[in-house]
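Inspection log for the structure reproduced underneath, given as structure tokens.
Every chain is named by a letter (A, B, C, D and E) in the order it is written, and numbering of its residues begins at 1.
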Amino acid sequence: MTEPTLRVENLHTHFFTRQGVVKAVEDVSFSVAPGKILGLVGESGSGKSVTGYSIMGLVDPPGRRVAGRILLGGDDLCAMTSEQMRSVRGRRIAMIFQDPMMTLNPVLRIDTQMIEAIRAHTSVSRVVARERARDALAQVGISAPEERLLAYPHQFSGGMRQRVAIAIALLNKPELIIADEPTTALDVTIQAQILFEMQTLARDSGTALIWITHDLSVIAGLADEICVMYAGRIVEQGTVDAVLDAPLHPYTHGLIDSVPSRGRRGEPLRQIPGMAPSLLDPAQGCAFRERCSRADSACIDQPALSIPIAGRQLRCFHPMPSAAIA
Amino acid sequence: MPAFVIRRLLQSVLVLGVMSLLVFAGVYAIGNPVDILIDPQAGQADIARAISALGLDRPLVEQYLIFLRQALAGDLGNSFVYNVPAIQLILERMPATLELALAATTLAVLLGIPLGLWAGLAPDSWQGKLIMSGSILGFSLPTFWVGLLLIMLFAVELGWLPASGRGPTTEFLGVQVSFLSWDGMRHLILPAINLALFKLSLIIRLTRAGTREALLQDYVKFARAKGLSNARVVGVHVLKNIMIPVVTVIGLEFGSVIAFAIVTESIFGWPGMGKLIIDSINVLDRPVIVAYLLVIVFLVILINLAVDIVYSLLDPRVRIGEAQA
Amino acid sequence: MSTLPAPLLELRGVSKRFVRALDTAAKLAKLLGASAKEETVRAVDAVDLAVQAGEVVGLVGESGCGKSTLGRLAAGLLAPSVGTRLWRGEEIVLLPATAQRDVRLKIQMIFQDSYASLNPRMRVTDIVGEAPVVHGMIKQREQHEYATQMLAHVGLDASLLERFPHQFSGGQRARVGIARALAVKPEFLVCDEAVAALDVSIQAQVLNLFMQLREKFDLTYLFISHDMGVVQHVSDRVFVMYLGRVIENAPTAEIFARTNHPYTKALLAEVPRLDARKKSFVAIQGEIPSPLDPPHGCHFHPRCPQVMPRCRIDQPVLREIAPLHFSACHLNDAAPS
Amino acid sequence: MRREQTPLQRIAADFGESRLALSGLALLALIVLAALFAPLISPQNPYDLAQLDVLDSRLPPGSRSGAGLTFWLGSDGQGRDILSGIFYGLRISLMVGVASTACAVIVGLSMGLCAAYFGGRTDSLIMRIVDIQLSFPSILIALILLALLGQGVGKTIFALIMVQWAYYARTVRGTALIERGKEYIEAATCLALPPARIVFRHLLPNCLPPLIVIATVQVAAAIALEATLSYLGIGVPITEPSLGLLIKNGFDYMLSGKYWISFFPGIALVLTIVSINLVADRLRDVLNPRLQQ
Amino acid sequence: VAATAAELRIGLGADVTSLDPHFLNVAPNNNAAWQVYDALTHVDANARLIPGLAVSWRAVDSTTWEFKLRKDVKFHDGSAFSAEDVIFSLERPATLSASPGPFTGFVKPIVAKKIIDPWTLQLKTAAPYAMLPYDLNSIFIVSKKAASGASTEDFNSGKAAIGTGPYKLSRFARGDRIELARNDSYWGAQNGKLAPWDKVTLRILPADTARIAALLAGDVDAIENIPTADLTRLKANAKFRLEQKVSWRTLFLHLDQYRDHPPHLSDKSGKPLAKNPFKDVRVRMAMSKAINRRAIVERVMEGNAIEAGNLVSPPVFGHVAALKPETYDPKAAKDLLAEAGYPDGFALTLYAPNNRYVNDEQLAQTVAQMLARVGILTRVETLPASVYFGKARAGEFSFALLGWGSFSGDLALRALLATPNAAKGYGAWNWGHYSNPKADGLLEQGFATLDEKKREALAREAATLALKDVPVILLHHQLASWAMRKEIAYEARTDEYTFARDFRRR
């Protein structure tokens, strides 16, 4: 097995708010290998974005990484100075955000925004930087890139803006790209275009990719591995096929079941009762306890990460029987 | 763009129509300058003769129509007391007022934006809080009161700066300005500070609010994610977005800076349009009042036009010509 | 084929145009030779839609294609520029005023953004109970109890009655919105992306609720969504819209089994599915054109993989290509049916 | 999640979190009380000329008058006790500020709501008037109006209403247009609620928060504007001095060392405006919908 | 910065609107004109007539005045002054029709002009007219050559502003300053000595604080019209000198004595009074006795006034030294009121302008205080002059403040207390319509008397007669005041004018 591009170990990120400490990310560990796509799924508020920002070192105050190591090709990002971190961002790791309407600065031209991203890391002339920007636009399938460079973001549709954001992420040929729900706001046909481009990219350039989403179906078609997050922790991890076909955690199981799908038209969907817990002063023990049909007194303790099957990780005292889905 | 200019023009013609009618009716109702200015020893017949010589004995409507006819021919009439074209009087005083207003605005911008940025970037630091508290104070102090205190302190007690007047002027691009000579500059400082204070607070607050808002935006985070230095993020991404409301407000407020110059001018004896209008109101010098309003409306329109153009330069999302909702 | 009863709600040839007119100044400028023009959006263009009592009709399409506008036309929130609305076979605008009001109450709408659709300054009890009291369905003093009852229908506890919308989670807010609609005893619900903003697990709860209520109150739905999966799950019949026009409609099973229109095909192909692993995405190229300036002929032709010269000129009409399966595509003319 | 809290309670709780704002509120309360009970707490009725004696004029703070009254803050050129003058002046200033703002809010609110709800020609007509009004600096309008109308508290209030209403009309229209586009208004329409009910029960309350903020700021602005007008000699009458007029009357004595005649009323004016602005500032934060969620 | 030895900077208290000396007859403009022009007659510091461009004048017959002109007088442009210029100057005011304050009144009595020789001039009036030499003090003599066809702008620019006065106009910056250069060939050089200032700058500083601050800060060397508030402090300041002199302006209150129910007059509960109390001399006397003039002078005017017992101030022609200011006696006032049938007093509104006279608003309030003490409930309403005078003339007030400046007692009486008669031009400012036919007769007699001494006696007699009736309530005569650096001196003038040439170095 090749050396992973990124290895996250026991990451904790907390928000120290006036109401109390929000433990947005708790003891999260995972790794991504070059050219591989890792899917990070979970409900809204489960800590996916904060995980992404933690890796980038972009957690907004009052948030802070409180513990853990983030190793990028052997360098610990947590130990870096802010200047070192700045030179990592955009050059070795790039990030794409959810809302294509908001990620580009509305008052700056596309070329400005692309050229500055190159020149922040390599001292090249404007002309060279501009050429690279144009090539990147062409790479993500934008026609007439030369003219598009002179445009402002508002002159682009959502899908095109997201592609520009991707092009910016590609500019410095990073080792890792973190994509935070980049297609949620887009139509299916446009989403498909972007997924297509990302897939090609990972396959062709060997860039590792972390794909954050709440949509299991997207992961199913795209990722190699999957991490399921719940209330700030990773509750289950494994290859896509393994996890989707035989979920071990009751939450993963419920999630898969609540997706409307071809087979069960008209039938009631199986739903997870209740709603996601607040991360502010969470109750002791397994966070899913309240909504879990399998919970019992054991769940009052926080389950540790176990490896029930090779290549799988799980945080549960009462895993589903593997036959439940198959 | 043409539609936009036409809209503004139509609007200003309306403003002028309404205001001039109001002024005519108002001045008509109060009386006439002859009653105030004529030598007390003069008899009733002399008074009547003077009034009719000025055409002030005619019915209001007739006076207004005469005014309209002359105005359309480009003649706003002679000042009753200066006996020179009213518009000339105003234009003569305008450079002084504009210089004061520009100096004040420049001061407000040069200080306000950095302070506002500072307060916005470090809202919880004591400096940030101090700036904000200071801005509330600046917001609250009435112009005339500050003017008095400034004179008291810097002119009378300390004797550092002159208390009033415009000082020597130098010709610059065809207009008389005072900021080019040291003595002229010294005369300009206090009135400019006085007039700038309110706008300074306004700009600080706008900038701070804009900064705080911009910092929460995804595009700022994205700029950081690109690995840009802090200076570039703040200096380009944040600042350019803040400039949009700031420029708009500066522009829109420029009219009120000119108007508030009335107060500052009367305190500091600054020979600008504001002083003239107060005097003219006191002696019911109608042609000057009307000409002043005309000039103000014209200035405001011009400024609005400029603001809109700058706005569209700063904010590519705005297309000039669209009706603002 | 037996003759069907008059549909519960029928829209006949409705169109909705949004026009931004020129003001005096702009007209003047135009006279002076400036390039000012009126902007017209044909949000909905000659759509026929009939919904039988008890039916669930799904409406899909990409963003901006006019789904919401059509939903609002159906709910009577917008008046059509052209076309008529019929309630149980009767033209609504011709009804007396009180009857019109009754029809309006019979058709209720559930909105996408549950937060924006609840008045932030009203308590749940008022949100739910206001309209029945105003319309004299219940007395003022019965309001609390009535609201309790309505909340119970959507699975919410009476203890929440005194709360304000901001004190709820997304799923709960969606339920309050549904309770508000149910409170005036509607027969027809227009659900405009009612679950789009919710997490999958919550979405499942709400979808199930819709289905339960359908049974319980004998409701008819116009279910608007951009999510093929959801539409497929709940509806009996599916309408597909593209740029203001309905381009295909058929019973659900039929449309998924025998997709006819190239756009629908593309749409279905792109939908990510749990069971499609590691698939290779191949996209329809191009963006959705602007509704301000739609392409001539078939609106889809610039992106259509099977485009023919005639598609650029003629607008295809909706034709029944199989029993109850309608499609608007020139390809159907080429091949003998 | 805090339970069963009304928006008002939430606003109150949020408001209380800023100590500066609370002290502003406390100060404002003191000022308002002083103004309300001026006749009870003032040593002298400064508006009753019979109670004044010119022989007591311009006494420094702490002096005693001929009648044995102590002028804690000194006396002015008419022998008016400055402290009493401030209390009564506050009354006038606050009354002018609040009354003009209140009336302007009512006028502006009705105009703005009409414009937004009816749209079309009504909208254009109202908004054109508003545009005209706003393209003219406020102090100029007030100046000219008062020059034409003459002095007087009522006239000053009228002039200030004329100056302010357009702001409200525009703000209300703006908010109302946004709110009207929101789905809860559509929902209310869908429920066939009568239009009047929609406007007043649904639309109006949601347009209020920005209005409240502007109104608070405008009270302060109106007080300052009134003071400025009085300073220019065209505000309230000389016998019933507002703070601005007190300052003006004492202004001439500033340079001659009798600072108290002008200085103390000035401090009172500044404190009043600062306290209102402190409150308004916090209200702005608390009522800001962006920070509400 | 101290001025260079030869430069004088003076802060003027009012705006000069135009340098055309015949356009607008207002004091600030005239003051400016006096620096550049002369008139046939001048007045001295005590407001008494002295020779100007005319060295002497006499009445040839009852309707003809002859003026002997000064020879060897040169205009600023070097041309010689002659009777032609006088004729031109006398005729010019009538050609300027668009003036709200024309000079035409001063030349109106002249029906014919005759040049006897280049330095002798005869002017004819329709009726005997004693005031002509006084009137001609107001007509500035301009150079016919320079001013023919000149517009106001020509005067402002200096092109037409060619006079015979002590200073030449260098520059007029409207609203800001007037710069003057010494006329080295001035005829009026005293003892052969010209004014010590080569250059004079008149700074226009109407705002009181600005003016005083400019002096304190050394921006100017002298200022006129000192705000009363600063008098004490200036007096105490060793760096400055203060010059004061009683001015020709008297302040008094008009009372409505012609209507039965004057406006704004009622009993204390607001009900109308049965009759007009002002028609009763006892009431007027009571009100006069209620006024503490010393308090006004000391407190309101801070010593910048003297108590008035005459319509004109002491140095002025026709002043009656025997008429003393009414003594303050509130007790007697109350008794008089009771005697007149108003033991509880009544209520009235006192009207006053608020930007016309020194401390006018303060004065009105103080009067109200004092009247209140004797039981007359007095409200005060102040108005800007622009509104005030129109209303006053329309008879809207029954109790109103007026200030009056006059060269002579009979002129003041004619305008203020003569029975109103528009045709004769009598009583134009007699707002209270006081009427005393005997006094009217004496006045008429006086104006037809060309002998100064006799005329003054008649004027004094008329004044004594009228003032006995308390037709107005006299308050005070203002003082005119100047302040300057210690090193300079100025002889204060009753006519309030500031003459640059009269500032001397000490």
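Simple rule for what comes next: contacts are C-beta pairs under 8 Å (C-beta built on N, C-alpha and C of every residue); 3 or more make two chains touch, one makes a residue touch a chain.
Since we're looking at a predicted model, the values are computed, not measured.
K.L.:
Which chains make contact with subunit A and with subunit C at once?
P.N.:
The common neighbours are B.
K.L.:
Can you name the chains that touch subunit A as well as subunit E?
P.N.:
Joint contacts, listed by label: B.
K.L.:
Which chain is most remote from subunit A in terms of Cα centres?
P.N.:
Farthest from subunit A by mean C-alpha position: E.
K.L.:
Please tell me whether D-E or B-C has the greater number of C-beta pairs in contact.
P.N.:
Here the pair linked by more C-beta pairs in contact is D-E.
K.L.:
Centroid from C-alpha atoms only, then distance subunit C to subunit E, rounded to Å. What do you get?
P.N.:
Spacing between the chain centres: roughly 87 Å.
K.L.:
Quick one: subunit B and subunit E, Cα centre-to-centre, how many Å?
P.N.:
Their C-alpha centroids are separated by 38 Å.
K.L.:
So the centre of each chain is just the mean of its C-alpha atoms; given that, what is the distance between subunit C and subunit D in Å?
P.N.:
Chain centres of subunit C and subunit D, defined by C-alpha means, are spaced 49 Å apart.
K.L.:
I'd like the Å distance between the centres of subunit A and subunit B, where a centre is the mean of that chain's Cα atoms.
P.N.:
That gives a centre separation of 53 Å.
K.L.:
Mind pulling the subunit A residues that touch 2 or more other chains?
P.N.:
Answer for subunit A, listing residues that touch two or more other chains: there are none.
K.L.:
Touching two or more other chains, which residues of subunit D qualify?
P.N.:
Subunit D, residues with two or more chain partners: 1, 147, 251, 254-255.
K.L.:
Please list all residues of subunit B that touch 2 or more other chains.
P.N.:
Where subunit B meets two or more other chains at a single residue, that happens at 30, 148, 156, 266, 281.
K.L.:
Sort out which chains touch which and give me every pair.
P.N.:
Touching chain pairs, listed by label, come out as A-B, A-C, B-C, B-D, B-E, C-D, D-E.
K.L.:
Can you list the subunit D residues touching subunit C in their complex?
P.N.:
1-7, 124, 182-184, 186-194, 197, 201-202, 205-206, 292-293
K.L.:
Using the touch definition from the top, list the residues of subunit A that touch subunit C in their complex.
P.N.:
So the residues of subunit A in touch with subunit C come to 43-44, 141, 157-160, 187-193, 195-196, 199, 214-218, 220-222, 224, 240-241, 244, 254-262, 264-266, 268-273, 275-276.
K.L.:
Report the residues of subunit B in contact with subunit A in the complex, numbered from low to high.
P.N.:
Contact set of subunit B toward subunit A: 217-229, 232, 236-237, 240-241, 244, 314-317.
K.L.:
Going by the contact rule at the top, pick out the subunit D residues touching subunit E in the complex.
P.N.:
Of all residues in subunit D, those touching subunit E are 49-50, 52-55, 57-58, 77-79, 147, 150-151, 233-234, 237-239, 251-258.
K.L.:
Report the residues of subunit B in contact with subunit E in the complex, numbered from low to high.
P.N.:
Within the complex, subunit B touches subunit E at residues 30-46, 49-50, 53-54, 78-84, 89, 92-93, 148, 151, 155-156, 159, 162-166, 266-269, 271, 275-276, 279, 281-284.
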